[in-house]
Amino acid sequence: MTDTIETPSAPTKSRFSKFWDGDFAWSFRHSPVAIIASLVVLVLVLSAVFAPLIAPYNPFDPASLNLMNGFTPPGTPNAFTQDTFLLGTDDQGRDVFSTILYGMRISLFVGVSAVLLAMIIGIVLGLVAAYFGGWIETLIMRVADVQLTFPAILVAMLIFGIAKGVTPPEYRNEMAIYVLIIAIALSDWVQFARVVRGAALVEKNKEYVQAARLIGRGSFPIMFRHILPNVLSPVLVIATISLALAIIAEATLSFLGVGAPPTQPSLGTLIRIGQGFLFSGEWWILFFPACTLLALALSVNLLGDWLRDALNPKLR
Amino acid sequence: MSLLTINDLTVEFPTRRQLFTAVDHVDLSVEPGEIHGLVGESGAGKSTIGAAIMGLLDRPGRIASGTIKLSGDEISGLDADAMRGLRGKKISMIFQDPLTSLNPLFTVREQLTETIQAHLGGTDAEANQRARDLIDRVGIPDPDTRLDQYPHQFSGGMRQRVVIALALCTEPDVIIADEPTTALDVSVQAQILDLIKELAQERQVGVILITHDMGVIADTTDKVTVMYAGKVVETGPTSQVMGQPTHEYTKSLIAAVPRPTLKLHRFPQISYGGRETRFAVEDMARHWPKVDNDTSKPVFEIRNLTKKFLQRKGLLPWDRTYFTAVDDVSFDIRAGEVFGVVGESGSGKSTVARMIAGLYPVDGGTITFDGQVVSDLTNRAALDAYRKNIQMIFQDPYSSLNPRMRVDDIVAEPIRHHKLMEGADVKRRVDELLDQVGLGHEAGLKFPHEFSGGQRQRISIARALATQPRFLICDEPTSALDVSIQAQILNILKDLQEHLGLTLLFISHDLPVVRQMCDRVAVMKQGKVVELQETNALFANPQTEYASELLRLMPKLDDLSTDGLEAEV
Amino acid sequence: MFAYIVRRMLQSVIVLLVVGLVAFSMFRFVGDPIDNMLGQERTQADIDRLRTELGLDQPIPVQYYKFLKEAVQGNFGVSYRQGRPVSTIIAERAPATLELAFVSGFLAITMGIALGVFTAIRRQGVAANIIMTVSLIGVSLPTFLIGILLIYIFSVELDLLPSFGRGETVMIGNWSTGFLTTSGLKALILPAITLGLYQMTLIMRLVRSEMLEVLRADYVRFARARGLSDRVINFRHALKNTMVPVITITGLQLGSIIAFAIITETVFQWPGVGLLFINAIQFVDIPVMAAYLMLISVMFVSINLIVDLLYYAIDPRLRVDARAT
Amino acid sequence: MILRNSAIGIAMLAATSVQAADFKWASTTDPQTMDPHAVNSAPVLGFLNNVYEGLVRRDKDMSVQPALAVSWEPIGEGDGWRFKLREGVTFHDGSTFDAQDVLFSYQRASGEAADTRSWFAPVSEVIVVDDYTVDIMTTAPNPLFPSSIANWMIMDQGWTEANDAAVPDKEAGNFATINANGTGAFKVTEREPGLKTVLEPHEGWWGDVEHNITRAEFNPIQNPATAVAALLSGDVDMINPVPIQDVARLQEDVDIEVIQGIEARVIMLGFDHEAETLKYTDDEGKPNPFRDPRVRKAVAKAVNVDAILATIMRGNAEAASQLVSPAMSGYSSAHAERPAFDVEGAKALLAEAGYADGFSFGLKCPNDRYLNDEAVCQAVVSMLAQIGITAELEAMPVRNYWPELREDNYDMYLLGWSPGTFDAEHPVRFLVATPNEEKKLGSWNFGGFSNARVDELLPAIQSELDETKRQAMLDEVAKIIQDEQVYVPMYVQPLVWGTRSNIELTQRPDNFFLLRWVTVN
C-alpha cells in the first residue's frame, strides 16, 4: 500500500540509467543463463545479417559452385580439387559454413516475419474479441478452433497450393519464402490471440480504462493506446518462444518437402538434405546445421524462459 | 508471566539496494484473554510482526535480533517442523481477505477436518463433529448443509467466520488477526469484531489485532501499540492512548480520523515526519470559468434510474436471469453542493455514479443535466460537450492510472482529446496542473508506479480538473488510503468545491467521512434509495430502520481525543 | 449448463462444416491423382475419362456437397489408392495412432506434471534449473530429427529397439493392439518418446509457472499458518488449483499430438492414420484426406468440449448451483 | 515341404538341402493393387511377378523364356503368334490353367478399364485353338510381340468371375485389388495395403524351386533413412533401393551386401520445342532459344556427366548417349558417343546461335521420382551457370510434376524413361514421335518435337521382322535424335539393393525383385 509520507519527487534520472538499475535490467545482469543465451543469439543473428561479409563463398550463386568439391570433409583437402573447407561441403560442393550463414539468414527472416505476422493478427483479433465480446468474440474464438484443427503442415500445403494456383509460374520461387511465412504465421496466431484476449479481459475492467472512456476516447484508441501496452509482456514471452518454434516449423516443413527452394537452402532445408547423409559418413552436412539450429532455438527459448520470470512482478 | 512476549524484535529485508528494517527493536506482550491492538499506517511494519511470530516471513526477510516467547518458551528460530507444530496449534492467524484466504476448490468441511486432523489426529468422525461445533460456534446458521459448501457460496461475513473457525480449530493460545475486517461492510465488521471479543473472553485466547482503523482499535482492543516506520511510538491501555495521546504521531493520527459526531471545517494538518505538500487551489481558481451556483436549481435531475445486469446467460432469452443493480432511483443534485451516496457493497451506489458518468448505458429512467437529457445522448459532439463538464475520481489509485503512460500524458489526454489546446500550451497547462496539485511539474516525466497512493490520487485529481469540469464524481476516493492521506485528499476536495464552485457527487461506505464531506446524503440499499436527508439531520435522527442500524453499527469514537479539531461554524 | 453445451455443440458443427469446405478447396491444389492411377502408357483420353469418373471435373462446392451427403451416413467414399472404403482403412489404422497418442500423451502428462511441480517447488534448486534447461532441448530440435537420431542411436548403434513399424500386433475384435506383445511394446518406445517429448516440455513449463502463481496465493499462506505440512499444501491445495488452467492447454496439446503424429509416423513408418494421410497426400487420395481432416476436427472439437466440461468438474465456482447465499 | 519336394523329384534336393527360412524386405512404395491389369506401373508389375505369370517370362539376364507357354512360333507372314500352353499348371486356389484363362485374361487386360490395354494395340484377336493352344493375331507383323507381353499376367477366369472382378476397377477397386490368385511361385496369404504383404510358396508350382523361403513379408518404408536403419539393425533382410549416398557405409558393414546394377531407366533433360518464347525468363518476349539445336547441343556439352556420376551418384551409374541403355535390344552401338564436357565449346555454340551473353530460363524437376533427382537438377543448374545461362530451378513432388509438364509449364525439364519392352523402339514411340492422340503416339513427348523422318521410320521399325534391317532403321533414328539433340541423355540410373550378407538373390535390370531366386543361408 502507500507510504505514510509524501516524499518530494526526486529529480528524474536519465532514461537509460533508470532502465539500467530497474529490476528488469538487474535481474538480467544477475542471470548468467540470460546473458550467455542473448550473447549466442546476438552472435548468430549478426553473423547471419553480415553473412555476405563473413562467408568465404556465396552458396546461392550457382556459377561459383564446383560439383567436384562435393562431400569434402571439414578441414581436409578435396580429393579432386584440393580445396579445403572449414566445415566441409555438401552434395553440391557448397561450403557448409557459408551455406549455414546464408541459410540462417533465411530461417531468421522467415521466423521473425512469421512471428511478427502471427503477433499482429493475434493481438488485433484477441483485443477485438476481449473488448467487444458477444458474437464477435465467439466467432473469433471458433475460428481459432478451426485453426487449431489444422496441423501447420496442412496449412502450409494449403497455402502453397493456393499460391501456386494464383501466382503466375515465373514468380513461384520468389514466392516460396513468403508462403512459408504466411503458413507458419497462420498456424501460430491463435496462441497470441488467446493470451491477449485473456489479459485484455482483465485490463478491460481496470479503472484506467473507465477513466479513458469517461474522457470520451473511442474504442480503438482505448484498445491500442491503453490496453495493448499493458498486455504486451505475456505477448513478448510467447513471441520469443514461438520464434524458436517458427524456425523449427520451417525446418519441419522443409523436411516434408514444402520449404525454401533447394538452390537457396534455409537451415531447415540443410538439415533435410543432411539427414540423408546421416548413415553415409558425411556427418558434417547434418551435424553443423543441426548444431546451429539447436544453439539458436535453445538460446532463444532460454531467453523466453528468463523473460517469463523477469516480467512476472510476483516472482521478484 | 504473559502469554506472548516479544523482546527487542528487529526484522530486516535485505533488498538489492539497501537493507530495509521493517521492524525496529519492538517490545510487545499479550496476556491471555487480552486483545492487543497493533495500529499504524501501511508500511509501519505491523503485519511484519505478525508474520515474524508465525515464522512466515517472506524471503528474504529475517529476524535480525530479539526474541519471541510463547508462554515462556523461545519460539523464534525454531526449525521448520517444530514451527509447523506450533502454527495452527498454539498460534493461528486470520487474514484480511476471507475470499482469497480460503481454497476455492475445497469444501469448508474438507478444509476444517484436514487442519484438525493435521494437529489433533483422531478419526474422521471426531474431526467432523469438531468441525460442526466450530461452524456452529462462530455463528453460521445450519452448519450441516453449510459444511459441505464451497467458499464462494458464502457471503463475505460468513466467509470470515469460516476463517475464524479454521483459526480456532485446535484451541490456539494466541490468534493474530491481520486486518480481519478491512474487506467487510460496516455492519458485518461490527459482528465479526464482537465474535472475536467473545472468543477471546471465553477461551482466554490472546489476540493481536492488526489494523489501520482507529475506530476498530477504539471499539475492540484492551491495549494498543502505535507503530510508525517499524518503531513503537506509543503503547498502553487503549482508552489512555486514544484519549490522551502523548506522542506527536499518535496525535496527528487521531486528529485525522473523521468523526461521526462533530463536523469539521477542515482536517487539522498536523503532519508527522513528511513535509506537507501544498495544494494551490487558489492559483487554480484564478483562471477558472466562473459559474453561478444558484443552489435553488438542480444540476442533475435523476428520474427512475434503473440498471439490470445479465446474471446467467442462456441460449434463449427466457432462460437468462438478470439482477437489478439500480432499481427506480430518483434524486436531484443542486448546483455547488456535495451530494453523498452511502450504502454497503452491492447497494448499487457505484453503478449510479457510473451511469451518471455515462460509463454504463441506462436501462430505464432519465438523467438530466442542466435541463438537457443526457442519458440517451448518441451524437458524439453533444456527448463530448457533456463529458467535458463531468469528471471522476476513482477508488483505487493503483488501477485508475495507466501504468504504461507517463504522468504528463495521462493528464494531457483529456485536454488533447477535447482539443482544448495545442502543442506547447498543452505542456504548459499540464505542468501548471501538476504544480497546483502539489506534485511539481517534473513529476510529469515519471510513471505512476513511482508515486505513493496519495500522490497518485493527486494525479487523478489533476487529470479530472484538466478539462475544467463543473461536476466531479468521487467514487470512494479515499477508501484505499491511510487516514492521514485521506485527511489531505478530503481537504483538497473541500477546497475544490469551495473555491472552484464545483458540484460533487460523493460515493462512500464510510459514514464518518460522509458526515465530514456532504451537504445531503442518499442512503442506498439493494439498488433503492431508502432515505435522503440533509447530512446533519440524517445523523441526528434517521428516518428509516436501515439508516439507524447503519449509524448504530458504525464505530464510536467518543473517547478519541479531540484537541486540535475546530468544529464547523 | 445444458444451454451452454447445446450452444457449444452448434458452434462445433459449424466449425466442422468450415473445416470440410477449407479441406475440399485445398485438395485441388495438393496435386493431381490421375498420374498415380494411370501407368506410363496412358493417353490423354484415359486421363479425361478417369477424371469424369472421379467427378473431379465438377466444381468444388458440388464435390463437397456430395462428400457431405455421403459422410453423414458414415460413408467417406473409396480410396483412390487402395480401392477400398476409406472408413475401413481408417478403422484399420486408427488403433495404431490412438495407442501411440495415448502412450505419449500419458508420458507427457505424468512426466510433465511431476517435473513441473518439482521445478516449481525447488525453484532455486540446481536440479530444477538443469531440468528446465535440458527440457528445452526437446523443443529446440525438429521432431523428425529427434526421431532419426533416436533410431540411429537405439536401433542402429545399440540395436536395442526396432527401427520401424509397430512389431507384432494382436487383434481384439477389430482393434489391433501392440500392447500385448513384447515386440509391440518395444516398438512403441521410440515413437512414443519422439512424439511425447515436445508436449511434455510444454506441459511441464505450464505447470511450473501456474504452480508458482498458486504458491503465492493467500490461501496457501493461510494453509501454512494453519500448520499444514508442505506435502499437503503442495500436492493437495496448490496442485489442484494449478490444474484448472493446465487442463485447457493440456487438452489442446493432446489434440495436437494426433496432428504431430504425422511426422513421427513418417519417420518410424508407424502404420497409423498420420502415415496414411501423408501417403494420401503423396497420391492425392482425396477421399482419405477428406476423411482424415474430418476425423481430426471432430477429435479437436470434442476435446474442446470435454475440456470445458472438466472445468465444471474441477472448479466448483463454475457450477450452476453456485450462488452466494 | 521336404516331403513334397522329394515327391516331385531330385531336381529339388539342392534347394531343400538348405533349411527353410523367413524373409523380410522393404521398398519405398507399396504396390497399390494386387490386380495385374489395373495399374501399369513398375512397383505393381514387379511385385506381382512373384504371384502371377505370363505366357512368357524374363530370365535373370532379361532374356525371354517360356512360362505358361512352353513354346511359340509366328503364324504365316507375321499374321500373329501361336502359343503352346503348359499343361498341369494350377492356380493358387487349385483350379487348373487352360486356354480359356488366356482368352479371358486377354479380354480383361485389353478392356476399356484396363491400364494395360496399350500393350495389345497391335493385337487384332485371340483365338483358342484347343485347351492348350492359343493364337494371337496381330494387325501388322510384330517380331517383338512375345517379349512385349512378359508382364501380361494370366488370371483364373473362374476365380475372377466368381468374385465378380471380371473387370479391373482402378477407382472403386474390387476383390482382385486386395486378393490374388495366380500361378506364380508365391501366393498372397496376408495383405494390409500400405503396411505389409505376406507371401508363402505355392506348393503346386510347376517350376523348379530355387529358393528356400517359407514365408516372405514385404513392408513399404518411405523414409530412406529409416529403411537403411532397418537393414542395418536387421529388421529387414533386403531393401530396394539403397540411397546412393549410403552405399559406401553399407559396404563397410560386414553383415550387409550391396548389389548394384544398371537399370533400364535413362535420365535425360527435355526441352520445349514448340513454344515461341521462354516462360520463365527475365528477358521477356525473346524467342525460345531451345528451338535452336545449337543451344541444345551447348547444353549437352555444358553438363559434366562424369562429375555428377562421381559425386552425386558416387560412381554407381553409367553415362548415357541414347534414350536407352546398352543393355536394351536395338541399342545403336554406332552412336555410343555422348558429347564431351566442354565449356568453351558450349560457349562457342551459344555465341554462334546468338546467345553469347546467355539467357535465363526455368528448369522443372521432380524431387521424389528418381534417385537424387533434385540434387542432379541443382548440379545441372550450376553447370549451366558456368556457360552463362541461368536456370531457375523448381523442384516438386511428382504428384504436381506431371500435371505441370502436361500444362507446358517449363522451359527445360528432367525426365527418366525405362522402356517397358526393353527395346529401343519404345522411347521413340513415346518420347520422339510427333504427338498423335488416336495413333497413341508421342504421348510423353511434352516438348512436342516433331521430325517427319522419325514418324516415317517408326511404323516400319515396329513391323520389321529382319533384325539387321530393323537395327539399321533404329540406328538412323538414334542418329537423328543425337544430331537434333532432341533430349540430353545424362546417365543410366543405377540399381542399388542392399541385403543382409546371408541372403543370395538375383537383381534384374528392370528392377524387378523375384523371390524365386532368393536363398537365405
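As written, the chains take the letters A, B, C and D, and residue 1 is the first residue of each chain.
Keep this in mind: contacts are C-beta pairs under 8 Å (C-beta built on N, C-alpha and C of every residue); 3 or more make two chains touch, one makes a residue touch a chain.
None of the values given here were measured: they were computed from a predicted structure.
*Asks:* A-C versus C-D: which has more C-beta pairs touching?
*Replies:* C-D
*Asks:* Report the inter-centroid distance (CA atoms only) between chain B and chain D in whole Å.
*Replies:* Here chain B and chain D have centroids separated by 88 Å.
*Asks:* Round to the nearest whole Å and give the separation of the Cα centres of chain C and chain D.
*Replies:* Computed value for the inter-centroid distance: 40 Å.
*Asks:* Could you put a whole-Å number on the gap between the CA centroids of chain A and chain C?
*Replies:* 24
*Asks:* Cα centroid separation between chain A and chain D, in whole Å?
*Replies:* 46
*Asks:* Where in chain D do residues touch two or more other chains at once?
*Replies:* 225, 229, 232, 368, 397, 400
*Asks:* Send over the residues of chain C in touch with two or more other chains.
*Replies:* Residue numbers touching two or more other chains: 30, 148, 152, 156, 266, 278, 281.
*Asks:* Can you pull out the residues of chain B that are in contact with at least two other chains?
*Replies:* Touching at least two other chains: none.
*Asks:* Edges wherever two chains touch, nodes for the chains themselves; is that graph a line, a ring, a star, complete, or other here?
*Replies:* other
*Asks:* Dump the list of chain pairs that touch, please.
*Replies:* A-B, A-C, A-D, B-C, C-D
*Asks:* Report the residues of chain C in contact with chain A in the complex, numbered from low to high.
*Replies:* For chain C paired with chain A, touching residues are 11, 14-15, 18-19, 22, 26, 28-30, 129, 132-133, 136-137, 139-145, 148, 152, 156, 205, 209, 212-213, 216, 252, 255-256, 259-260, 262-263, 266, 278, 281, 293, 296-297, 300-301, 304.
*Asks:* List the residues on chain D that touch chain C in their complex, please.
*Replies:* 32-33, 38-41, 115-116, 118-119, 169-174, 177-178, 192-195, 219-223, 225-227, 229-230, 232-235, 368, 397-400, 402-403, 420, 430, 437, 440, 443-444
*Asks:* Would you mind writing out the residues of chain D in touch with chain A in their complex?
*Replies:* 224-225, 228-229, 232, 243, 245-250, 279-281, 304, 307-308, 310-312, 362, 367-368, 372, 374-375, 378-379, 381-386, 390-395, 397, 400, 409
*Asks:* Can you check the complex and tell me which residues of chain A touch chain D?
*Replies:* 61-63, 65-68, 70-71, 80, 91-93, 164, 169-170, 172-173, 257, 261-263, 275-282
*Asks:* Provide the residue numbers of chain B that touch chain A in the complex, in ascending order.
*Replies:* 16, 41-44, 228-229, 272-277, 354, 357-359, 383-384, 387, 390-392, 394-397, 399-405, 413-414, 417-418, 439-440, 442-443, 445-446, 450-455, 460, 463, 467, 480-482, 484-485, 488
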